[in-house]
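Both complexes below contain chain A, partnered by chain B and then by chain C.
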Partner chain A sequence: MTLASLFHVNPAAPEVIRIAARQFQVYRVRMLFWLITMMIQLYLLRVVWMAVYDGRDSVNGVPASTLLIYLTISSLHLFFLPNRIVFEIEDRISTGKVANDLIRPLGFMQQMIAIQIGSIVGSLPLLVVVIPVAAVVGQMHLPSPGNLVLYLISLFLAFTISLLLWMVVGMSGFWLLNIGGLRSVISIAGDFLAGALVPLWFMPDALRVVVQLLPFQAMGFLPASIFAGQTSGMDTVQPLMVQAIWVVLLLGIAKLVWKKAQRKLVIQGG
Partner chain B sequence: MQYRLNFLMDVGFGLLFQSLGFVFVWIVVGQFDAIGGWSLGEITLLYGLRLAAHGIWLLLFSQLYSIDRQVQQGEYDRMLLRPIPALLQLMFGRFRVTVLGDLLGGSVLLGIGLVAVDIDWSVPKVLFLLATLFGGAALDGTFQLGPAALTFRYLDSMPLRVIFDSMFMYFGGYPVTIFDRPARFLITYLVPLAFMAWVPATILLDKTSDLPFPVWIAWCSPAIGAGLLAIAVRIFLKESRHYQSAGS
Partner chain C sequence: MPIIEAHNLVKTFERTKRVDGRFSAIRTLFTREKETKVAVDGVSLGIEAGEIVGYLGPNGAGKSTTIKMLTGILVPTSGTATVAGVTPWEHREANAMNIGVVFGQRSQLWWDLPLDESFRLIGKMYRVPPERYRANLDMLTELLGMESFLTTPVRQLSLGQRMRGDLAAATLYEPPILFLDEPTVGLDVVAKERMRGFIEEINRQRNTTVLLTTHDLDDVERLCKRILIIDQGKVLFDGPATHLKRAYAPFRLLDITVAGDGATQLQEISQGLPGGVDIVKLEEFRATFRIDPDVVPVAAVIADFSARAPVIDLAVREQEMDGIIREIYEAKAVRK
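Right after this comes the complex of A and B.
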């Protein structure tokens, strides 16, 4: 099964996407408060980083404006990256709804992916508000056309990696039953390991080596670095390859875990 | 202990959530030696002071977290029926395990900070440090208990509490002098979270020249926290009379 067949369009899929996009409306107020919290965090990041730059234009070869753009786009990534899928899977396993999902004509994983895509589609109108606000709190500057194209490719790969990773975390619920703690730990550590607070440029060497071996940097740091213009031209080949490898790897893991999970399924209170 | 892994994950989450904030400062300050004239040791003390006070507050009031649900579902009824004040029941009811992570992280950082910096100790300073931990907890609590009072009328105060919580978390662990003017004004006078850790830390570290007001006000930090909490308690009790239980 290739990536294309995972997204194979079953006639039911667009409907699920549409419904999930509409369901997103329910979370409007919650998203607003998330947005405020995120902006406070972005503001703090800007203040702290500028305090350590202390008037210098550039530190370790990273200009202050590049860093600010990087931090801003990273915050936006965190806001829109796919994670609803893990909540959906968690909910369906713990309530036993998964039993109904399994008898639907659309495969369980395809349903979850469709819901996740729908939730992103539903959140897109927010960009109209979020981008200008983020630009004021942080700093925003569009990359060169070449970098913009590379960024969009990198962003797509980052979204796919994030989707697959959260899918695997969600499926671990078939064994662990309660994954709230695990989900929170991965989510918080993941933001950090994705370079949302400290870009990889400034991490101590030992930490950076570890971070480069994990998938999180491919979900945040790599596209943000391209957007900010710190990585461009031929230098983007390697990051894009790394991302592609993670997609293939996680796709394999997801398929394997799902195969095992089907035998493991426990319906609570059934 | 039905879900042992989950219990550990919860404690780990509390610890991780707060300590990553510190890891961030640690990396940044480590790379650049100082921030706003504060060394890594001094920042550690400041950060630990805030986190430990936050942990104390949570230890006493972690159940406040679920007040929205209790009021919406009418579970608050049960508290009113028992012969103990509802507020005390809220304090000593179920307890969220993540709290232990906050308290652990805060104590460790505070300990490291106290060892790392050279403090000119005196009896008033020791007493002041102890009072500060509780005053800080009270200040933190003021901006949780106060907003929580809104739940009785509006059924939902979570978003507001989350915003105050993130303000305390993001601004509380840094020297106030690094922020720009409007932000400094906000966190010193409007939501005076500066009094939770930064103001007391300037006394411990003899950095009172950074303060925008006379030193005696800084010595009053714990009293300011206690006074504000007393007001928040009054508001909470007054508003709790608007509790209507669940419909039906």
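Right after this comes the complex of A and C.
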């Protein structure tokens, strides 16, 4: 598989995306509970952080309003995060349904990506509800047009990194067979390492160095920081580069893992 | 040239060996010892275009594993295979266009969607032109009697309906090759018959090559001229179904019923039997004879008996496949 083949989109892919978006409607109730959970978390973060600020306008050069916008947009990222792919792959391996994916005239990874894109497309109508709620619980303020464009680019890269990372985690199931534990650990640690609870600005230097070497900050912190206006203009070049590097790196890893996985594959349940 | 060809296909699975004794669970976690299970052990086969071949064997014999290699799902440990000129596991997507697959135990339809949505998606995936799609869907809907449940979500279908849906999904894009892994498992007699009729029809209409695994010997008797028997990963027999019958069950059974005034003639016949004919069962007006067709033609026996007694009904039966296959599984070899 060459890099070019990745951009060769199978005509069936849009159809898989459409179906996945449709199937996503089944998850509406689950999404509602997920939304409530996110908003409670956002509210608690707001309370805790405002207690830390203790009436000061700015701490470490981060204005209180910037922090609130940052926390709000981070919560939204978590809400729309492309992690359904890991559940899909997990389910397909544990039930042996992966056999069906492999007899399609469409690559396995392409199918999984199409399903993930479909589920994001399917959840987009929820933005109408989620953004106003988040704006009330947290704080919302649109960035300058320049930063908005940079943010959207960064967000796209962040979602791509997240998708690839979760795909690799999912495919580790070809060896581990049961990845529930691994998924939970990465999910919980990932939220923290992505700066969804504590922005990287407030992390001690030693921790920040470690966090900056991991892909999670590129999945959440970097775009959120641009959205909140804490990173802007030329300062965004480096974060965008870091994100681009992670995309290329994880893409390589994903392809390698898939190549190995095919020989490792066992179809469960005959 | 055969459309499906395999040479020395081998597939082994490895798993970590369980350690017995004290702290076995923890020690198992750290053991490096592997257990190797050979699922398919050097299978070679060649199937010509248009053939319907039955692939038989007891549970765990390696049937499904072979099918999974030929469909490109599994990569063999060693050996080669081509399906319509393509190595399945190397060019999965190209292979997918040439084959239709039905796993009786696992549906390929989209659970949450109405059946016709699944079909639509498959039509798009396999790039079936709209007018062909329409024509094929109409033909399949009629042939499989799917009209009444075409818009029902798959999860609400009965097993028989779902299997029909699966067969339609596998043939919608007119693949030249069909792999059917236990397509009649769990179906009632009527549903099985419908499936068999369909397979026969699609083979006749499109000259589709079919490789079929099953535990139901009626499937084989009805559909397959040729069978392959596999056990413990090795092919035990590859040849025409009639050969097995000749080797294991060369005899024909002839049932005869005579009119009310023919009881004595029937007695006389049973006392003066021609060579190659034995009596199996004798009642007042009915008898069953065993004929060895190598010694005397069945037709000659019938003609002879009809001349000597007022025969009002007769039937010629072959020995059932069932017993033959059971004998082969038990002996783990095939008689020559």
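As a convention for this text, the second predicted complex is superposed on the first by the 264 of 270 C-alpha atoms of A that agree within 3 Å, B and C clash if a C-alpha of one lies under 4 Å from a C-alpha of the other, contacts with A are read in each partner's own complex, and residues count from 1 in each chain.
As a working rule, a contact is a pair of C-beta atoms (placed from the backbone, for glycine too) under 8 Å apart; a residue touches a chain by one contact, two chains touch by 3 or more.
Bear in mind the structure is a predicted one, so any value in this text is a computation, not a measurement.
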Problem set entry | Overlay on chain A: chain C relative to chain B, clash or fit | fit
Exercise. Touching A:Ser184 in the superposition: chain B (first), chain C (second), both, neither?
Worked result: first
For this session: Using the superposition described at the top, determine whether chain B or chain C touches more residues of chain A.
Result: B
Exercise. Taking the superposition as given, does A:Ala64 touch the first partner, chain B, the second, chain C, both, or neither?
Worked result: neither
Exercise. Now for A:Val242: first (chain B), second (chain C), both, or neither, which partner does it touch?
Worked result: neither
Exercise. Just chain B (first), just chain C (second), both, or neither: which does A:Leu197 touch?
Worked result: first
For this session: Check whether A:Leu35 is in contact with chain B, with chain C, with both or with neither, and answer first, second, both or neither.
Result: neither
Exercise. Touch check for A:Leu102: first (chain B), second (chain C), both, or neither?
Worked result: second
For this session: Tell me which partner A:Leu176 touches in the superposition: chain B (first), chain C (second), both or neither.
Result: first
For this session: Classify the contacts of A:Val52 with the two partner chains as first (chain B alone), second (chain C alone), both, or neither.
Result: first
Problem set entry | Closest approach of chain C to chain B (Cα atoms, Å) | 6
For this session: Would you please give the residues of chain A that touch chain B in one complex and also touch chain C in the other complex?
Result: none
For this session: Over in the complex, which chain A residues touch chain B? Could you list them?
Result: 29-30, 32-33, 36-37, 40-41, 43-44, 47-49, 51-52, 54, 59, 176-182, 184-185, 188-189, 192, 197-198, 202-204, 207
Exercise. Inside the complex, what are the residues of chain A that reach chain C?
Worked result: 10-12, 15-16, 19, 22-23, 26, 96-97, 99-100, 102-107, 262-263, 265-267, 269-270
For this session: Would you mind writing out the residues of chain C in touch with chain A in their complex?
Result: 13, 64, 68, 71-75, 89, 92-94, 96-97, 99, 101, 103, 105-106, 108, 110, 112-113, 117, 121, 124-127
Problem set entry | Touch list for chain B against partner chain A, complex | 3, 5-10, 12-13, 16-17, 20, 23-25, 27-32, 35-36, 159, 162-163, 166-167, 170-171, 174, 178-180, 183
